[in-house]
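Two complexes are shown next, each including subunit A; its partner changes from subunit B in the first to subunit C in the second.
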Partner chain A sequence: MEGLLFYILAAFILVFSLAVIVVANPIFSALFLVLSMISLAFMFFLLQAYFIATVQLIVYAGAVMVLFLMVLMLFDLKKEIDIFSSGQRLGGLKIASAGLLTGLLLWSIHYSIGLFQLQPEKVLDAQGQMEQTKTLSVILFTKYLFAFEALGFLLLLIAIGVVALSRIKGGTHARD
Partner chain B sequence: MGSDILEISINAIKLIVIFLLMVQLVPFLVWVERRGSAFIQNRFGPNRVGPLGLLQLLADAIKFLWKEEFVPQKGRAFLFYAAPVVALLPGALAFAAIPLSVPVYLEKFELFGQTWGPYRIAIQGYELGIGIVFVLDASSLGAYSLLMAGWGSSNKYSLLGALRASAQVISYELSLGLSLVGVLLLYQSFDFSDIISAQVGPLSFFFAGHDVKVPFLPNWGIFYQPLGALLFFAATFAETNRLPFDLPEAESELVAGYHTEYGGLKMLMFYIGEYGHMLVASALMVTFFFGGYHIPFISIEGVRTFFLDHGFSLNGSNLLTSLVFHLVFLLKVLFFLWVFIWVRWTLPRFRYDQLMDLGWKVMLPWALCNTIVTALVLLVAKEARF
Partner chain C sequence: MPEISLFKEVSLHHYLILSALIFSIGMIGVMMRKNLIVILMSIELMLNAVNLTFVAFSYYLNHLDGQILVFFIMTIAAAEVAVGLAIAIAIFKKFKKVDIHFFERLKG
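Then we have the complex of A and B:
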């Protein structure tokens, strides 16, 4: 039963993720990304990682992607699409950066196996789900505190950087 | 799922019944909304069709079914059709996770010439240990139906309504979630059943080495988290897109906002989604701050022994007890639904900048403040028991 569900969900995730990059219309692309996020959340549910699953839903599907969709709908995207898809010369660079990203992801997956093993063989009841959440928050605020705070700071930097970039000459929010 | 065929079918039927409960509340609420608004504005309201105008709803339903079916010429047909269906999902998913009454314990009994084992049937679509976060998830997906409707209609009014809707939902979701953190800290659980069972009996808690007891008040969450309750209730108004936060449809500026191009049954589905959201918001309000399905000063055992003393069998009295507590729950929920309607016909709509100011500059800081104060008080009242 669970095996079957796994394959169905995996197929959903693959199809939706592929659709994200294949579909031409950015709105549909974003909607497919939402669907693949939701499928991923259900995959976490299947793995009994209930807290991660709900956080995945609430943060990515519920908040981040709504924002994405809103921004996509606000702007006239024709120019951006032209700039982005005219990459005959830059094609090699794009493929190279995609390869780099894939390598990075594979590396991090390879080295993080076994990092978050929270009583894997136990079937979790309501109490267990609470315990799992507790364990997760404790290690997040003790062992991985520095990484956690550093990531938060990085996100802040990115936000400021984006604001700065969008206001320079030729940007979307340029001051004349 | 269940241990045998009867339990599985009971659980399956339960899901359908809970969904139908949400859908069937809509015509009734529409009637209350119309009659209530007429009452508030010193008019009559619909009073011609049937007694008290109750059959007006039936006439409306028939009208909705026979409306012409169309898609705007340049609209995206798939999104246009999908949006009303998606609008139903958040309310239905969230409502099924809320416990509606006392779980029923059934002893062994005979049915269809067979003995069926003892069951425990929760009056709830599905029991989740992290129910609260799940409900917040489900309702956060509500913005998509508005966005899809706005984009699929390819109408400027619809698009503007959709954009406003998503900005509003994101802004108020923050204060909605934060206003509940106090409750989570207080009861130290994500489970609705734990929170409800912690609100039984008279108001009593353990603070800084003293047992405090107030015998004339019930042990409800509102007395511990008054600010949290206020913020939560205000944020749910924004989440359900009801007045004074109904900027997404704002009929005086945007015709009808995101559902300008919709008619007939599709329009009705948006209504069901909106009233479903209201129902979930009221049910959450009751569950977190007003004792859930419990009756103040009357215990579950008391009601059960009352039925047992009046000659009902054990299973019968268990069922009746559950029914009584379910009716009490519905009564409390209906009160908050009435507050939703009452506010709609009392307060004017916010201007857009006022809406954003209220969300980001007033409610968010107060919700943060509530969280910190609750945490500090809990730290001071070491080993606090509620």
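Then we have the complex of A and C:
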């Protein structure tokens, strides 16, 4: 049962991810990305990472993708003629290099999988799920407190930076 | 590993292979596409592949630190999207297009 669910979700994720980079219209790309992220969130549910799955649904499939779609609708989209940036030879080279990296990754996965001390997986009941989320928050606010604070500071910096960036006049290739 | 067990039960193997495939798709998208927004989306795909790896390891090693890292990656990704889209809007204001080729001759 779990295996079947994994294969269905994996097929969804792969097809939608491929559609993101193949489809010509960027709005369709964004919508396929939403579908891919939702499938990935269900895969997180399958891996019993309930809090992460919910955050994935809210933050990625909700907030980030709405940001993408709003910016896309801000632009005046015309039909793109050629969506790929390079010619046939260079494009083939790029795909070959990506394929080489994939092969290396799969090869290293195949040969390193025996090194891990895998725990026997367990199915959490409702109590266990609550315990897991509780443990997660305790770790976040004790062991990783400094990283959490630094992340907050980084978000403040980003907010200021984006506002400053959107107000620039002149700069690159200023004509007037 | 016999061939039958590949389809019977799901192990860490499967999740890692899926994650590698998604990562490669995202990398091809970054290298091949012209539109800056689609390139940003491909970067999101790559980050999602890494998230899947972390969650899978967290589940199979029974260790919650991986999920904390996923939490951080999501925050950084959201921030990165905000900055990238702001730059895209700045480029669009000048050139009325968001091609990656306009980044080849940036100055000042």
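Here, the second predicted complex is superposed on the first by the 125 of 176 C-alpha atoms of A that agree within 3 Å, B and C clash if a C-alpha of one lies under 4 Å from a C-alpha of the other, contacts with A are read in each partner's own complex, and residues count from 1 in each chain.
We adopt the following convention: a residue touches a chain if its C-beta (ideal position, glycine included) is under 8 Å from a C-beta of that chain, and two chains touch if they have at least 3 such contacts.
Because the structure is a prediction, the values reported are computed rather than measured.
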item: Which of subunit B and subunit C A:L31 touches, first, second, both or neither; value: first
item: Contacts of A:G99 with subunit B and subunit C, given as first, second, both or neither; value: second
item: Most subunit A residues touched (candidates subunit B, subunit C); value: C
item: Subunit B versus subunit C as contact partner of A:L18, first or second or both or neither; value: second
item: First (subunit B), second (subunit C), both or neither touched by A:F6; value: second
item: Touched partner set for A:L74, first subunit B, second subunit C, both or neither; value: both
item: Touched partner set for A:I158, first subunit B, second subunit C, both or neither; value: second
item: Doubly contacted residues of subunit A, that is, touched by subunit B and again by subunit C; value: 51, 55, 63, 67, 74
item: Complex interface listing, subunit A residues touching subunit C; value: 2-3, 6-7, 10, 13-14, 17-18, 20-21, 26, 29-30, 33, 36-37, 40, 43-44, 47-49, 51-52, 55-56, 59-60, 63-64, 67-68, 71-72, 74-76, 80, 82-86, 91, 94-95, 98-99, 101-102, 105-106, 109-110, 113, 116-119, 121, 132, 135-136, 139-140, 144, 147, 151, 154-155, 158-159, 161-162, 165-166, 168, 171-174
item: Residue numbers on subunit B that touch subunit A, as the complex places them; value: 79, 127-130, 133-134, 136-137, 140-141, 143-144, 147-148, 150-151, 159, 162-163, 166-167, 169-170, 173, 177, 189-191, 193-194
item: Complex contacts: residues of subunit C adjacent to subunit A; value: 7-18, 20-29, 31-35, 37-38, 40-42, 44-45, 48, 51-52, 55-56, 58-62, 64-65, 67-68, 70-72, 74-79, 81-83, 85-92, 94-96, 98, 100-101, 105-108
item: Subunit A - residues contacting subunit B, complex; value: 27, 31, 34, 38, 50-51, 54-55, 57-58, 61-63, 66-67, 69-70, 73-74, 124-130, 133
